[in-house]
Each structure stands twice: as structure tokens, then as C-alpha cells.
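See the structures that follow.
The two complexes that follow have chain A in common; it is paired with chain B in the first and with chain C in the second.
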Partner chain A sequence: MIARAAIAVLALASAGAAAQVLDFSADEVRAVLRHGPWPPAFVPDPSNRVSGQSEAIELGERLFFEPRLSREGRFSCASCHVPGLAFQDGRAQGLGRTELDRNTPSLLNVRLNRWFGWDGAGDSLWAQSVRPITDRREMDSSASQVAALLREDPEYACRYRRLFGEPRDAPDQAMLVAAAKSLAAFQETLLSGRSAFDEFRDALGRGDRLAAARYPIPAQRGLRLFLGRGACTACHLGAAFTNGEFHDIGIPFFLREGGVDPGRHGGIRQLQASPLNLLARQSDDRTGAAAIKTRHVALEHRNFGEFKVPGLRNVALTAPYMHNGRIATLAQVVRHYSELDLDRLHADGEAILKPLRLSREESADLVAFLESLSERASASPRRRPIAPCRG
Partner chain B sequence: MRAWLVTLLVSLPAWGAELPIFDAHVHYSHDAWESLPPKEAIALLRQAGVKRALVSSSGDDGQQRLFAEAPDLVLPSLRPYRSRGEISTWVRDDSVPPYLEERLKKYRYVALGEFHLYGADADLPVPRRMVQLAKQHQLFLHAHSDVDAVERIFRQDPGARVLWAHSGFERPEIVRGMLRKHRNLWCDLAFRSEHGSGGKVAPEWRAAFLEFPDRFMVGTDTFTPERWHYIAEHAQWSRRWLSDLPAEVAERIAWKNGELLFGSLLRR
Partner chain C sequence: MEKRRASLRQSAAALIAGALCAAGAGACELPAGTRIESASYALSFRTQPARIAPGEHFALEYAVCPKAGAAPPGTVSADAWMPEHRHGMNYRASVVALGGGRFRAEGLLLHMPGQWEIVFQAGSERLAHRLRVE
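Coming up: the complex of A and B.
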């Protein structure tokens, strides 16, 4: 047990109160530092020529809240990716025109993904942004409907013209892709703010133990578990706390109406068949470097039932959890790993996964650490005023 | 290489699409019974074009239920596990041999396994007794094992017949070496993808399949109930890469090897 007396605790006097920092080893400090810095520098998406452009971000923001992107004018992107709910919906499984099979992921930090969606069927944020617009279960729209909106609404037509050229001359499909690239440019701005963990991490890095001591001891103990015995960093690594890849962690993947969700296996098949993947001409990356991952992704049996490792920033604000939202609380997520059902895993599959057998105190510490990764202001952002287009 | 191989070095993509499949690695364990009753499970196998399946379950009732539903399709194999939780404990569990003996008296099987057995554990009393039982009842051993454990099994019984699950997840040159060394060793290719990725047979695997066309089989490995819904996908995937081999070799690996080895064992 982490809290036992064998672990030395450094007590620091701070304004009369006893503040403490666990005696993290040099290796542990290095491991902590690898989860930052935060926020990360912005790197434009080479496959999206309007990535990072302020006018594209403004157009994308308008489109994000635009119900006329949906067939019946009832749904916008924000209907499921609710700004006040960390850009997810708080439901176990999403609800579009019908109930969906998967949990709606938060869009905060979405630009840091390597693959998009629980199954990674998208290899770019803009291609992924097309999917819910045209999916019959979600917005059920079409290239022609999106193109008509962009041509006929003067505000959109003006903004489209400034970014992509004259809308009257553009094919419908190209306009859908342009809308998606603008949506992606907006989503790239959705970043979670600095958390208590980030303050601790930076303080530890500069040797400021007084500042580090503001980080609660249960969170510090949970962090030590996360890095050490829990081996959580095998998958939840880096500043975003994810390796961006896909794993089977023993979560059942039957569907309510029968059959199964093939997860990454289906995602790879969709990706390879998609006319919008990075190997296709809609990508703006002329070097071909962005498409290397897509060219080399290989379909394997192990992919069946694998789902993406989610980032953990703001994780306390994005319940319920897992690809199908079947786990309601962070405490239950920790219990899942503590009591992992090895019957659900292949003997030669996810070798890293073993039941953690955590005590009640250790489980609480791990939850305290996970909660410390959250920051509430970014989960409820205010919409920025956008001036009308002057073309 | 046999003469018939030399004359049949032509891929058969159209023909390959119709290949029947002998699935050498199917489990139907307790959690599968609840979500997928025997009739539905058998229907999935038939829809996938599976001609025969080597089926084991934890506990043993699973494949017996399937066998009762489709004796023409199901070839029962007896695992030394009453639940899958015993994967890592069975080798030291003295209650396993009496359990196996009791089931062997009561039911007919073609194999013992699939069991997980590694290294020196193969020489522990419980696995030793299992190898003796296989010999006594003339059964195959379906071993999810490393090279060391397979070698130890053959030292215990040089006449043992071993189906090497996942071919030990070994590289093809190691697999070929083992096949050269042990004439009673056969290989299943379950839960590995690299030999047929993208529908093309990798050169080092092609060499193995052409050298030992009568020693390989395909298998899905339904280690969770959801994976029963992958049987058809796996069969199609197998047909694709098998079509990249000479027809006679493809047919052997797809189903003839399994049929030849196991097909008549229940009629003894």
C-alpha cells in the first residue's frame, strides 16, 4: 500500500501549514515530466490547408452550431458535443436521429489524436467531421445539402468565398470537404486548460517543492500508482495521456440489437475503403508524409473488439466511460482494472493487463489523481462574438 | 517438395472463394452459452462455410451441447479447465486428472486441449498425466505452448500427436524446424495475421506451407463470445490468403488436413 510508513514523506513548512511532497525518485520525476508540458504547441494539420487560419476557425465555429447541416434541421454538431459538457453529451451512448452504439467522445484536445473515432475509421479530423454529417443515424445530411447551405446563405457564401473561392463554381463534394476542414479548424482550438496536475508537474520540474506541495497527497499517491504498479502509462502516456492506439481491455462489445461492434477491425476496413482518407486527393498534404500511417496500417485479428485509448485530460468531466459508456464512474473504471477479468483477454494478447488488486485506499488515490487531470473552465467555454463577413 | 506441388503452382482466386474451412480453434465457453445458444452457434459456423470445427470449452459442457446439435460439424476436444480462470493454475491442480478421466469415460473426444503450457511446467505431474491420458485414449494434444513445452511433451511420449496452437507464436523458420524434427506435430495458425496480411502469403510462410502442406490448419480462436461473430470474417480472410497458394496446398490447409487427421476419430 502506497500510504504505508515505508514511503517517506517530505514535510515542508508553508505559512504555518504542513505541506507535503512524496519523495518521488529521479525516475518517477522523469516519468511525471513526460506528461507535459501543457498546453502543447499548435502544429497545423498538413492535410488541411485552412488548419490554424482564423477565418476558417470562425466559419467552422458557425458550422459547428448550425442545425441546417442536418437533414431535418434538428441537429448540429453541438447537439451531441455539448460545449457545457466538455463537448460530449453525458449519455452512455450517443443520441442522433436514433440511439447510437457508442459513447460520444469529448472534443477537447481532439486535434492531438492520431486516429479519430473509437475505431479510428478517420485518419484526419476533417475526414472524421464528415462522418456524422452524412451518417443516416446522426445528421443524415448530404454533400448537396451542405453545398446548398454554403451557396445560399449570404454569410456562409461570403466566408466560403474568402477561404476556398467562388461557391457557385465548386462541386458539392468539394464543398462538403471544405466545410469539414473548417469544422476541423475550429475543433483544433478546443483544448483543455491547465489542471492541478500540470501545476504539480511544472513545479516538480523546476524544483519548486513549495508549489508542488499544493498538489494533494492522495493525488500524489495515485500518480505514483499510475506510473508504477498500475503501469497505466503503458497506454496512457504523454501530455494527452494516450498512445493514440487501440486495445482490448476486456469490455464486452455486443450490441443491444444483436451482433457485435467490431471496433478497430471495422475501423481499419472503413478507413481503407474511404474516398476521404489521406491517400485520396482531398488531402492537402503534397509531401505524402501525413498519409504514411494510412498506407501502412494493417488489419489483424487482434483488432476485432479493440477500441481507442482515450486521453485522460478532463476525464472527471466526461462520464460515463468506455466505448459504449457501460461504466458510470471513475471509481468503477478503477475497479475494472483492479478486478480485471482475464477470461476476457487473449493469453497472448494484451500482456500488460493484469488485475491490479488495489486496496480501497489505493483505488481512492488513483481516482484522486485522475480527478486532478481535470479543469472546469475549458469544459464550459463561452462562444466568441464573430463579426459578420465582409467579402 | 512433392511432385504434385510442382505442377500446381497456380493461384486460384475464384476457386478459393468457395473453399470449405476446417476451423481448428473454436471455443464455446460458459459465457458463450448464454449469449449464443447452440442452434445459433451452429448456424454461424454453417453460414461461414465451416465444414468441421475442433471445439473446446471451459467447462466441458459447451462443446458437448454443440456436438449434440451438430455431430457432423463439431469435433469435441476436452480442456483441462472447468472455467477459463484455471488457465494458469491447472498445471498444479491435482483435481484435474480425475476430472479428465471422468469426462473421458463419459464422452467421446478427438483431442485434449486447448491447454496453456509453457517450459518446465510441462514436466509437472498434472501435465504428464494428461499426456498419458492422450496416449491411452489415442487423442491429439492441442497445446498453446512454447517450443520448450512441446519438446518436453514429445520426450514424455515420442508417439504423441500434437496440434501446436498459434504455432507457438513463433517465427516461420522456428515452426519449420519443429515440423522437420517432429513428424507428429501439426500447426494451427489461429490469432496470427502476418502470414496472410493483405491477402498475400509472406515469402517465409510460403516456404513453410510448401514444405509442409499437410501440417497446417486455420482457426479463429473464439476466446470471447463476441468472437463467434468473427468466424465468418476469419473464414473469408483465410480464403483470401489461401488463394495466393497453389490450389492443392490451399485446400489442404483450408480443410483437408483437419478432415484427414480428426474426421474419422469419433468413429473409432
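Coming up: the complex of A and C.
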């Protein structure tokens, strides 16, 4: 084992005194490289036959901003997933027709999820897209309302016909699912842009220390903590910085009205009862491969109070944090893990977390690293005029 | 004399063939793979794909042989466990018996990097193999 000073710094003579790269070990470099490359290649969703199709993306984009999808014509998807706010709403808890129990998640990178929603009640992006449309607390719409819009609006009727066939002949429920698949096709295009971290990661990978040295030293120290003592990569792994699964991290799950949010436990029960899950006939995947997760997911007592591990890309742009928006700033998130109250964790749960007991400087470094995951420029397509449908 | 020699050769051949048949009937050969043993069983397994990545579903193909005096197990289940974290998978593998002591388990997913145990349960015996996933 190679002994190493805790914060040994290599100065780059060619880059001047300010340009430095920490002496990341070969293991650390390998660990850094596992958080990329970015952006990831597009892989169509096999359960959605219009995934990746430009006409479906256009229809989905129109529907995303369409208030007539809601019962009273007051809400569109974009009312809560605001493009200028990283496709979330900046509130602690979402606000539909009434205040909701959970934080509105960002839709950037949503296509990389295995499960959808804080509790993973959705196993596909299109099934998840149906939920807020029909939820009484949110858009409070129905299959018949959505179908009527798609049949009666000439522009929608034309687009529907080109993608799915004659709308007059289709059952309402099938039209709702088709609308959701188009919405999913649009949401699949929402990706966060490249970050300072990505530049650093790629520079490390090609051995370009000059370029790597542009990454600030506090972020580098924070990255080392993230990979090492913090053990954050146990859950925040891969290019999206999430394992896509569910954990209890000691955030209270009591609701205002006195009930409790069952989290993943309730999510699995909803999933298994859903007529829109991937085991049902609405899935376009005839191989059954997409449904392997749904077929095998296990309902355990420990799932109670577990919530999904969010990806960390653009995390500085998506405050407040946690499933109920209870934590306002990244510094407070870091303090939560630093001073973790183990009594809040399930006694029979997993033994992963322990208080990190970070110094003030270490906490600031970890925040600097998390901030470096923000995009430098949006990678999501800008809204543009869409030519009227013909045919 | 020659007749007697031929008869002896035939008897010897018959004895050898009989012995081979007996061995063949009782023999249990494990296919290539990672081999683990318990008191009563030997097991070999392979993962599909060969390299397991965190967060990706994989399957196990395995075969079990009872050791001398042990009865063949009815079925052999497969699971995975992360000892350091005291948790298992979030998925329950489905197992299909392929006959001849061979099985296929599907639906496994290791959701964290680190050291895991692949665990097989044959009757009351647990057979485990540790592996590291990065």
C-alpha cells in the first residue's frame, strides 16, 4: 500500500502556481471515471414504441405545456416542472390543486431512472406520466378528458393519427396511454449539460493534467471525500450519481395531517396493483426484458420510509432537498450526513450510514464538489416553434 | 485353451463395462464455473453476463452435486447479501430447475458497489461465494 500525505498537492510548473491537481491514486482515478462519460448515449425505451421518435417528441412537448390536460385548464406538466427551474418548482412540496406531500423532482435526466417517483411506484416514464394527469390533487383529469382533447383539437388529432392511428376509433384509456408515451418521449430529451466535474473527469481520463488543474482545489478535495471517507458512492454511483434504488436516510416521514408517508413500501404496493405496470398489456416490449425489475422486485418491511436516491447532477439548481423538501440548502444536506442521528434510522434496516463528523473545511469542500456537478449550459432542447401538422 | 482365454477376456470386459456403468449412473459432473462446497453438496455457478455491474440485472446458471451419502436437494434457491451493510437485494430471484441438478435464477441485481455474497440454499445448507462489484 502506498502511503500518501492526506492532502499532498502536485503543482503544475507549466500552469503556474495556481494550477494544481491533488495526487489522486489509480484507484481514485478509476472511481472518478465511473461517474461518466457524460452525456450518456440514448437508448430507446423498449416499452414505449414511440420512444425517440421526433414526431412523438413534438407531440409530447406540446402536451407538456398544455393546460387543457388538467380538469380546470389551469395546470400543465410545466406548471410544476418549470423549464427555467431545472424542471422542478423550487418549492419544498409540490403545489397542484392542493399542497402535496412530496418535493417535485427535477425531470432532467429522468430517462436514466429505473423507477419513477420518490417511491418508485412507476416502472416506466410513460406510466409515471399518467399519474399526475389523473391524480385528484394535481391535474385531476381523466382518460375521457384527454381523449376528447386529442380527438377534437385538429392539431392534436392530426399528430395522434400520424403516430397511433385514427383517434375516433381509439378507446379513451388507450389514448391516455398514447399521450403519456408521447410525454415520455419528450421528457427523454431533457438532459443536464456538461459540468465542471465532467471536464475534470475527462481530463483525468486522458491524462491531461493541465486541463484537470482548472477544476478548483476545494472541489477536488470534496470529490476525494465523496469517493473515500464519505462513502457517498455506495448510493450515488455512476454517470447519474444514483443507484436508482431506495434508502432510509433518517428524514422523518410524518405528514402534516398526522399520517405517515410509507415511501417505497407504498410504492411497490401501488406498482404491483397498477394496470399500467410493465407486466400489463400496455407495454410495447414483447420480449419481457423491460419488465424483469417489476417481476422480481421484493416487498420488504424495511421498505417503509425508504425513498429514492436522487441523481446529483445539477443538484445545486434543485433546492430544496429530500423527498419532502425539508432541507433548504446543500450545506444543510452535508450537515445532515455529518451529524446523522442514527436513532432515526430503521433498527432492522441496512447498516450503511454513520455520522461523517466533517470539519467546517471538509463540509465546504463537499459542497464545492456538489456545486461542480451543475451544468455550464443547458443540454435540453430549447422550445421552438413546431410546424403545424399535415396529413 | 484359446476358448477359455476368450471367455476370460469377455468376462473382464463385462466387469469393466459394468463398473463404468455403475460409476456413470452415480457420477455427478459439475460444469465449468466458480465452485463452492458445503458439507453435503458441491455447486458450480456462472453469472450471465460474466461480469456483474452494479445496478444491472443478471442471471445465475448453476449445478449441484450431492456428495457421497447425501440425497440430491429438491430445489436450490439463489440470493445475494451484502455482509458489511447487512442488507440483501431489493429483488427476489426466480429459479427454474433445468433438470439433472441444474438451475437458472433470474432477476438478481446488486444495487451497490462493494463486497457481496452470492448465496445458494440447498436444503438446510448454505453455500456462499464472496465477490466484489465495482
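The rule is simple: the second predicted complex is superposed on the first by the 372 of 391 C-alpha atoms of A that agree within 3 Å, B and C clash if a C-alpha of one lies under 4 Å from a C-alpha of the other, contacts with A are read in each partner's own complex, and residues count from 1 in each chain.
Operating definition for what follows: contacts are C-beta pairs under 8 Å (C-beta built on N, C-alpha and C of every residue); 3 or more make two chains touch, one makes a residue touch a chain.
Note that the structure is predicted; figures quoted are calculated from it, not measured.
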### Message
Going by the contact rule set out at the top, does A:Pro171 touch chain B (first), chain C (second), both, or neither?
### Response
neither
### Task
Please work out whether A:Phe253 is in contact with chain B alone, chain C alone, both, or neither, and reply first, second, both or neither.
first
### Message
For A:His346 in the superposed arrangement: first (chain B), second (chain C), both or neither?
### Response
first
### Message
Per the contact definition in the header, classify A:Ala298: touching chain B only (first), chain C only (second), both, or neither.
### Response
both
### Message
Going by the contact rule set out at the top, does A:Gly391 touch chain B (first), chain C (second), both, or neither?
### Response
neither
### Task
Please indicate which partner A:Gly244 is in contact with in the superposed arrangement: first for chain B, second for chain C, both, or neither.
second
### Task
Find the residues of chain A that appear in the contact set with chain B and again in the contact set with chain C.
298, 300, 302, 349
#### Entry: Partner chain A, residues of chain B touching it in the complex
29, 31, 35, 83-85, 87, 116, 144, 166, 169, 191-193, 197-198, 221, 223-227, 229-230, 233-234, 237
### Message
For a test of understanding, state which residues of chain A touch chain C in their complex under the given definition.
### Response
30, 34, 114, 233-235, 237-238, 243-246, 292-293, 295-298, 300, 302, 349-352
### Query
Once bound in the complex, which stretches of chain C touch chain A?
54-55, 57, 82, 84-87, 89-94, 106-109, 111-114, 134
### Summary
Listed in rising order, chain A residues that touch chain B in their complex are 252-254, 259-260, 262, 265, 298-302, 304-305, 342-349
